[in-house]
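Presented sequentially are two complexes of chain A, the first with chain B as partner and the second with chain C.
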Partner chain A sequence: MAQNTQNILQRSLRKEPTEKQLARGKHSALYKNEGWVGYLFMLPTLIFVAVFVVYPVLASLYITLYNWVGVGTPTQFVGLRHYLRVAQDPWFWNAFKNTILYTLILVPIQLSLSFVMAMILNNPRLRLRTFYRTIYFLPVVTSVTIVAVVLRLMLGNFGIQISQMLGIDPPVDPIGDPRFALLTVVAFGIWQTFGYNMVCFLAALQTVPAELYEAAKIDGANSLQVALHITLPIIRPMATVILFLALLGSMNVFEQSFVLTGGGPFFASEVVGGYIYSYAFGGVGRTPNVGYASAASVFMNILILGITLAQWFFTRNLNDSKPRAKAQ
Partner chain B sequence: MLHKRISKLILVLALFSIAVGVRTPAQAQDVTLVFWNYFVTQAPALDKAIAAFEKANPGIKIKSVVTETSQYLNALNLAYQSDGAPDFFWTPDQSKLSLQQMVTSGWVLPISDFPDFAEFMKPYPEGALEPNKNVIDGKTYGVPFGGGSIAGPFLQFFVHKGIYKEAGLVNADGSYKLPTTWAEVAANSKVIKEKTGKFGLGFGSNAMWQFPWLCQLSGGYSSDGQAGRDPKTGKFTFSTNPCYKSLIQSLVTMRDDKLVLPNVMSIDDENARVRFGNGEFAHLLNGTWIVNGWEKTNPNFKQEDWTSVSLPLIVGDKQTSKFYLSGIGGSDFFINANTKQKDAAWKFFKFLNTPEVATIWAETNNGVLRFAPGDPTKFAKDDASKLLLASAGDVILGPSPSTRNPDTAKVQVTLQGPGEIDIITGAFTGQIKDIDAALADLDKRLEDAFVQGLSDAQAAGAKVTREDFVFADWDPLKPYVTVPAAK
Partner chain C sequence: MTTLSLTRTVRTPFGKFEFRAGRFLLHAALLTIGLIYIYPFVWMVGSAFKTPGGFFTQGISPFPSVAEGFQWDNFVQAWNGANFSRYFLNSVVITVATTFFATLFVTMAAFALARLRVRGRNLILLILGATFFLPQGYTIIPIFQIVRALGLLNTISAVIIVGIAGGQVYGTIITYGFMRSIPREVEEAAIIDGATIFQRYWYVILPMARPVVATLVMFFSMWTWNSFFIPLVFTLGRPELRTLTVGMFAFVGERSSEWTLMCAAATISLLPIVLVYIFLQRYFIEGVAGAIKA
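Up next, the complex of A and B:
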């Protein structure tokens, strides 16, 4: 790519504050009192987090050590046994496998679609682009439960006919056939959440300076080159965050599976969220044990933490290796 | 001028009244009781009863709050924890939360503390109050609603007469060839498929819990919320009782022969009932409560279009067991121990147990209560209600571990993996191939979970042993009165 495009790109990526900005900051009242003022601003959030996040997490850790139906005070101490049982339960690992499959199928499709749609809808020459953005974002603000209930009714009554209309031979029952139930949940998940990521990508795309595109155009770059060499490098930090959030959101999937298929048939689409729920609140023929469910929840969080750390190391190494490769 | 001044004065007074909330004496006495329940098909009867109560007690209003059944216990629990519990509530599933636990948690008010309690109890039959179901430590917390239902098997096997007629399943005298065994159900379904192209069986995926009940008359046991445990030995018998395997195998064969509605795994119970009414399939296993629903969903589906029979026998042609109750009816509703309207709640409690309410309940086809005056059969308007009353002999008192020893409620059986309902589902969908192995594994897991639950309860101080669950002298075909263990 030509030198002028590269220079502008480098300046855009650095985003260092100017001397003027630094001087203005040092003389402000807030800067002088930044210690206590900062904490004061943080206080409401800290209280909120302490009450609604830290306390429930600690309480949940405590409950994992007991058998408890959820009413009254836990009295049957069982130590760490619930953790061992969760780790040894093949049905937990079945739910975990389904959660991972859900994530592995959903995230790449969802992010690719969101990115492509964001690129299309970021085009200022596209007519009615606000309308399209609203339409694609609509599923995000719609209640998952209500949509899943409606979808369940639709697919329950007409699923086989719909698959016939789509030319699937032999026709399938999208939520009643164990081979397709999870895929249907994935498709619903993509439809329901892709608008959110599309908006995030749109926000990221709008941080790309227009002059870069103009410079690239002057240099004769085609659309693919512009996307690969200008758009993607600039939005990469934000894209990494979007990827992290999409992965975490997918690993915590619950309503889509619970309402649409109930995790069935016979656990074919049960995800870890549903597994935890069934033990916490008891299903048909199952007595609730909040202690066991909490242990499953903590265990899952540890697994997610491990996966997130692995992903973080991977992403960091990927980012670090690029400048070194260039230097060589 | 004077007219203007008077108008201004009236306006000022009106505004003042609004601002300070002036009340009439009658309004000042009004109390509103919040009543939680999970009744949907029974709602018209309950509304009628509430209206009658409010008419008889002008100062008391009842606000009925209906919560979805599966979330009822969770909602109630959260309400208690957030100090927002209702004044009055219908009991949650007591196999998941016993009366003992509700009392220990300070949820429920002892009604025996009210001065007219003895007078209130006079109409109740002998044995209406059971230890641990109604009475804890000498205090009474609940009574069976309306004296308790005149019990019959609430699950029945519904048959679509129109399809039977179309398939020629009619005897020479015009009566229908109704099934009494599951083998006959399968045979009739085949004929139906051949003659009409319609399906023999349909159900909703969330109604799979009904299938194990088919074994209830063939040596299956369910008492105190724990299915599959033989009270004579205290052991789990899903793999040793031939009924479960036969039932599962038959369902799989019917599926393979295309005798079952194809999308049963993706429709729910309500949907299946409507489709049965629409004439899409001939047999539906369900509860007597579904009849009321057809009035709304299938208004053209009348009594002459369907009938119901007792649950078909899975193994052989003779009953080897019955349906078991642990008592006349347990406790159906409770007063919140923390309500500020104790007296009003007690008035409502007493009213719900009057012949007036029992009559409303029976007339609206919700079951005949003992307090309904006159001949109970006069309330039976349809085949399902008639069968319910006619087969009352199929429901008898059975052994009850929690009546014998309340500490048995502290034994928490946390079953890991699929239960019997899941196994029936898994086999039906083809996900389970080896039914024997799946049932044997279920028995083993239940046994392990039970032993662990027993050990945990003992470690936490509960005075409970395995013997509390064993009733060696029990005869499955005779009523059994559980005697509370001496303390």
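Up next, the complex of A and C:
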């Protein structure tokens, strides 16, 4: 009997529209045009993305299968031969080596320096902190091309003089000497994007609760201990993103080398971006072959994808293993 | 820090000042590094006032020689003779148009994705996200072909259109994230009052999304003003359509020995963005910081 009443009660309740159902009914009447108007709102973006992002990606993959100088329709089908040629070209690997060296020198130096600077400027009692932040961020907003032209003027004409002033003996030519050209490009890269990473770290530091610092101070921790055991673990997720973006940005380096040194002397500072450019548009004695340039680009992007995936797995394992190690 | 607490408090009419050896050394270091940091800019501005001879005798000194004085004429020559007035105008037109349309389209698309009931939203978001990770070929070449097919090669419009397209994916994703977080109630009040979808976009969501719009405007104008590759490729055949960055690059190739003019031209090119940055630096820095959090 009791069971029956309950069933009836439930059934009658089921017929009664719930509050949620009421809300949905009200909404469906009010939102009846949202579908097609929504597509209208998205239309410009969807067209731009389809025409200038998605199609070019697919077309650039198709081009890699052809020999093509860049005009007319590509006719000479070569299959995957371009990829084989890239993989066997010592000049590609030279440019790749330079790109990796650029990344491996730039990223650790720049990230540690910008982290330390962010720690210093994060102190709200430090006077002039806005002023310093403004100065260190300045190169980020300026054009790489124009700054590279200015630096080329300065280092090309007076580079030897500057190295003398810095006490380097014997003095070196930072741009003309093949042993130092790449290092100069790296230094330029560090200088140019240092402020960006500093600001990212400053944003990350804002997420650390002030109470934690106070607690650590009471426990008698010094600055280094605070940085290693409080700040770093808390900002680790954001630091991973910063590292990821820094690696990606460095491996796509192009203008820094292209304008400052032109990849020279004798390809000593040529990076993959410049190698591809020279095959796409000619220059440094190479015959343009758009199909080949595109294949080199795909090949490089696959290598970058592999490296970033490896980094992702590595940092994920690092993030996982830390708490476990502590628990033991 | 505790080892350097040589504190001395001085009372002045303006309040209490604390002098500490540690702080002083820190400031000295920060100022020195800061000066070295902006030295290329200082040198560039100074060298723009030098004579061709003075450029060499003064070397890396930022000052023109006292005897020769300031050569304002370098700026006149770069502005008129080297055509930087035209490049400047091109840069301004391209930057304003690209930033305006890119921001408009991005906020519209993000509004539709975040606030309206559209079928296939997840699919569209997935495609947008996937374009980040696709291994790309040299996409500038197909883009070049499309622009040629549209008959827009060697026009300012080509640079603007390709520039707008370049920021759509990134812009839509960060704006979508922000608009998603605006509470539903605000918009519901407008709906009950009979607001149209366009009114909801223009009068409700867009004003509430002001922080992200500021970030977009800042990023788009900075990217466009500084962009080099796209204007280079699409103005190869028409030198008068060059932007400042392309004009600067071409100047090096064409008149490689006029160093002081080059410095004057570089100063003209960098000055607007540096001035805007100094006055709006808070927005620049918050924009970058906000983008990394999202």
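Here, the second predicted complex is superposed on the first by the 274 of 328 C-alpha atoms of A that agree within 3 Å, B and C clash if a C-alpha of one lies under 4 Å from a C-alpha of the other, contacts with A are read in each partner's own complex, and residues count from 1 in each chain.
One rule holds in what follows: a residue touches a chain if its C-beta (ideal position, glycine included) is under 8 Å from a C-beta of that chain, and two chains touch if they have at least 3 such contacts.
Quantities reported herein were computed from a predicted structural model and do not represent experimental measurements.
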* Would you mind checking whether chain B and chain C clash or fit side by side on chain A after the superposition? => clash
* Asked: Does chain B (first) or chain C (second) touch A:G176, or do both, or does neither?
  -> first
* Mind working out whether A:T287 is in touch with chain B, chain C, both or neither, as first, second, both or neither? => first
* Return first, second, both or neither, reflecting whether A:N157 touches chain B, chain C, both chains, or no partner chain. => both
* Asked: Does the superposition put A:A310 against chain B (first), chain C (second), both, or neither?
  -> neither
* Name the contact category of A:V241: first (chain B only), second (chain C only), both, or neither. => second
* Asked: For A:S297, is the partner it touches chain B (first), chain C (second), both, or none of the two (neither)?
  -> second
* **Partner chain(s) touched by A:V199 [first = chain B, second = chain C, both, neither]** => second
* **Partner with the higher number of touched chain A residues, chain C or chain B** => C
* Who does A:M42 touch here: chain B (first), chain C (second), both, or neither? -> second
* Asked: Between the stretches 109-117, 145-153 or 217-225, which region of chain C is in steric conflict with chain B after the superposition?
  -> 145-153
* Please identify the positions on chain A that touch both chain B and chain C, taking each partner from its own complex. => 70, 152-153, 157
* Structure fact -> The answer for chain B against chain A in the complex is residues 70-71, 73-74, 77, 80, 95-97, 101-102, 104-105, 107, 205-206, 208-209, 225, 227, 262-268, 271, 410, 412-422, 425-426, 429-432, 453, 456-457, 459-461
* **chain C-facing residues of chain A, complex** => 30-31, 33-35, 37-39, 41-42, 44-46, 48-49, 51-57, 59-61, 63-64, 70, 120, 126-128, 130, 132-147, 149-154, 157-158, 161-162, 165, 191, 196, 199-200, 202-204, 206, 223, 238, 241-242, 245, 254-255, 259, 276, 280, 290, 293-295, 297-298, 301-302, 305
* Residues of chain C touching chain A in the complex -> 1, 23, 26-27, 30, 34, 37-38, 40-41, 43-44, 47, 55-56, 59-60, 104-106, 108-109, 111-113, 116-119, 124, 127-128, 131, 133-143, 145-146, 161-162, 164-166, 168-169, 172, 191-192, 197, 201, 222, 225-226, 228-229, 244-245, 248-249, 252, 259, 262-263, 266, 269-270, 273-274, 277-278, 281, 284-285, 288-290, 292-293
* Of chain A, residues touching chain B in the complex -> 67, 69-72, 75-78, 85, 89-91, 152-153, 155-157, 159-160, 173-178, 262, 264-268, 279, 281-289, 292
